[in-house]
């Protein structure tokens, strides 16, 4: 168990009446408990809280008139991940994958697992089944891509990344997800906060469905798994953009932070420890 | 109200132990009521029925040993669509779109609405809001694409179709969905049966979210809306493939049919009638 | 006949031994005569002048040691274009296109005329043949694309532009070339200088092969055809990049200019006048 | 020195007046000498022979009225390749590449070397320079791709092949060319005949520019280099299609053959022998 404090501040120059949809609030789930939370809009607005069903995703939506808008969020979270020894974590048999997990085998906008199926099988199809196979994919992706802020953009897909070998956390995640799906392992995108992320920002990582649960992986290796706080999950980054703007609003400033509380006893970083918080 | 009888027969040459997932059964919803249904596998198999929550999607899954497999399905359906005069159907305000509908604004594997947003706005952004705008998109798509069986394949996307101007019902649907999403109208893919489809086959069409409901459109204009029976809905065709094969099985024969019963009183085909069955 | 003065100054921060290839010098052809020309490298370098055969393309190449490199070029050019009344300019019959022109019917890196053939035929296949058909393509491209500096990059292709409807002169040219080739009219990319271009820069435009000659068009409509000075021609922008860097050199400053001399009598801008300078 | 006999027979159903352009005749160069050649069209036609300048490419063009058209070609060729020991073949220094070779460093329609530059450098940038580096690329491509007739088509590019890992000789060639260009080695596509090709067909292979000459490589490893007869070279397959059809003509039958004459003494197959016939 550990306690993580997170927050962000976003400033927008809203230039016409605009509907803004934010996905910045920590999910509240059995393994990730909200101790406290504050969300402020300045100027004050009528803000609608949205819930997205089974995966715990939340959002906030507001119709905003032209103004300088400041959003500030902070929360304290208690993390109680399930842990397992990685060698004990099996892959789910194809015929046993639950109905609500099946969509995470399908290709999605930024994860063309249909195109990359042969690639995935040739590289990873013959490895021993289990947690280690997903770890091998993440290790491969991490080696394969050069971390390069600015080299990719919001329309870059896993196929693009496989060709260009460059990207940021989001791109690492999309490629790893595609390769997992390509060999029949359900995988999904997770947006969140990460303790000690450098430079500080929202983070993108993944979950793979193994042994009846979703396990965390960070193909970018920029975070420690025990310092991750989930905002939301989706098929890929398209589902969990931190802000969706329908109108005209320019992001003028963004700061994001996350840290362990002094009294928390974070798990030791251990490659052998499989972590599930879903 | 009308009664529609549907069915199909599929034959597979299964060459190794294979997990087969079928999405061929009619959804059972308030507007589409299952009167009777039969699904047979020959040889007899242990078949698992799967349900996919709120949208009424169903599937059947079986682990199949090498054999000549025959699947036959038939059902009788009572359709009680909601109808409205098309000019009465408004667009939903951006800030009013329900949480569970929002994902249908996101780009998906075969519907790159992020790439096509400007295209959509330049062509359709200035039309009067409402049902007619979606109809205008479907009409445009119908004119724009040359119906050409065999010109596209399972990886063809809306962007491909916009470049190549050729495709089948699935491609018409993907392009229309992308253009709807591009101007802020939630849209989704529907797989189903269509009365009098020529040549007979499974059909792909779309629903757009307007005025608080999902309304049917067929950009291919190969069907009449009152002859459609829903199998399932998804973000695009990736979610509702009639068969997903994990192993090695070759489709050797497929026949599909749908017809109005003699005593049904199908709605007159009427361009002014908006139909909702979701 | 008119006289045009052109020039540019380029500054590079060369960080390791680097081979630099520049295509910045005006072509010297019967219709575009070099009156005077100066090209200086500072520091002084051994520079190799390259000639590229039949199309008049030139380049300069140097192996440069780490330094602050300044290139300055200026030239005075006498233009004696052939002019024709546009309605007199026929298309070449397919069987009459000369061997050395045939490659300009083939698709190239940024001009996927093979993908866009149907699009080209549906939009422009039924127009009356001749100069006016190329003009119609250029007019259509000009209307279709939103001029947006920064929206595209060096890997953007005509297909990308057709989807995204945004770009700069290079993108207008690539799309127009692709559509010409798509309906069987040879077309090529021209890099050059343009009088009164705003903002001043190198310019990209096109030539179409009609009636036995190459005629000038500017799909971006940012220039007047009688103010264009050719640097070089190619299948697309890949062939005429103003600088190709093999090593590590950063462009730190670029200025480009072109103006008519006081005593020149430029042709009146006239939509009916077809101009050939090749 | 060896003697190779080649030929083909093509049958077309020409359905409307059509311009047909064939690139099926062996090039006639110092290292590949035409001993005899016959080209027949049935019915008899007025056929124009085209020559394409410095690279020795030839073509034949005819305007054909509706008919059943049969083209038959045969030729006897004397090959006198230059051979070298592969370890003696150096790479050309970047600053020494001749002007007429420079275009083969540029990306082309099916060889997106601009996109794949980083990939090429990461995989092959650190290998020892020389012939062996191109051989390493060809070996890698050969291992990487699954030879699969029908999996790709006329619009498939090197980037597609890198994602899908499947293709035919043309696809192997495009990927190898792209990777060569990506690390600064000029490379081009060669169409031709290959002795003992199985199944018999036209063949696609490559040349890389090393040490002042063009050397042959076959990334598909379906041929022996001493059994290759050049038809033509180009930036990629777009430039050397065996037939280009402007109108409506359907290929109904194609047969292609090539064999060593009895009295020829073909070079022993030897991985250490570098062969140049350009």
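Chains here go by letter, A, B, C and D, matching the order in which they are written, and residues are numbered from 1 within each.
In this section, contacts are C-beta pairs under 8 Å (C-beta built on N, C-alpha and C of every residue); 3 or more make two chains touch, one makes a residue touch a chain.
In this text the structure is predicted, and so the values were computed from the model without any measurement.
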Cα-centroid distance, chain A relative to chain B, in whole angstrom: 30
Distance between chain centroids, defined by C-alpha means - chain B, chain C (Å): 47
Chain centre separation in whole Å, for chain C relative to chain A (CA means): 45
Touching two or more other chains - residue numbers and ranges from chain C: 115
Overall pattern in which the protein chains touch one another (line/ring/star/complete/other): ring
All touching chain pairs, where touch follows the definition stated at the start: A-B, A-D, B-C, C-D
Chain A contact footprint on chain D (complex, rising order): 112, 115-116, 118-119, 122, 146, 159, 162-166
Residues on chain D engaged by chain C in the complex (per definition of touch): 19, 21, 48, 50-54, 59, 61-63, 94-95, 99-100, 102-103, 106-109, 111-112, 114-115, 154-155, 184, 235, 238-239, 246
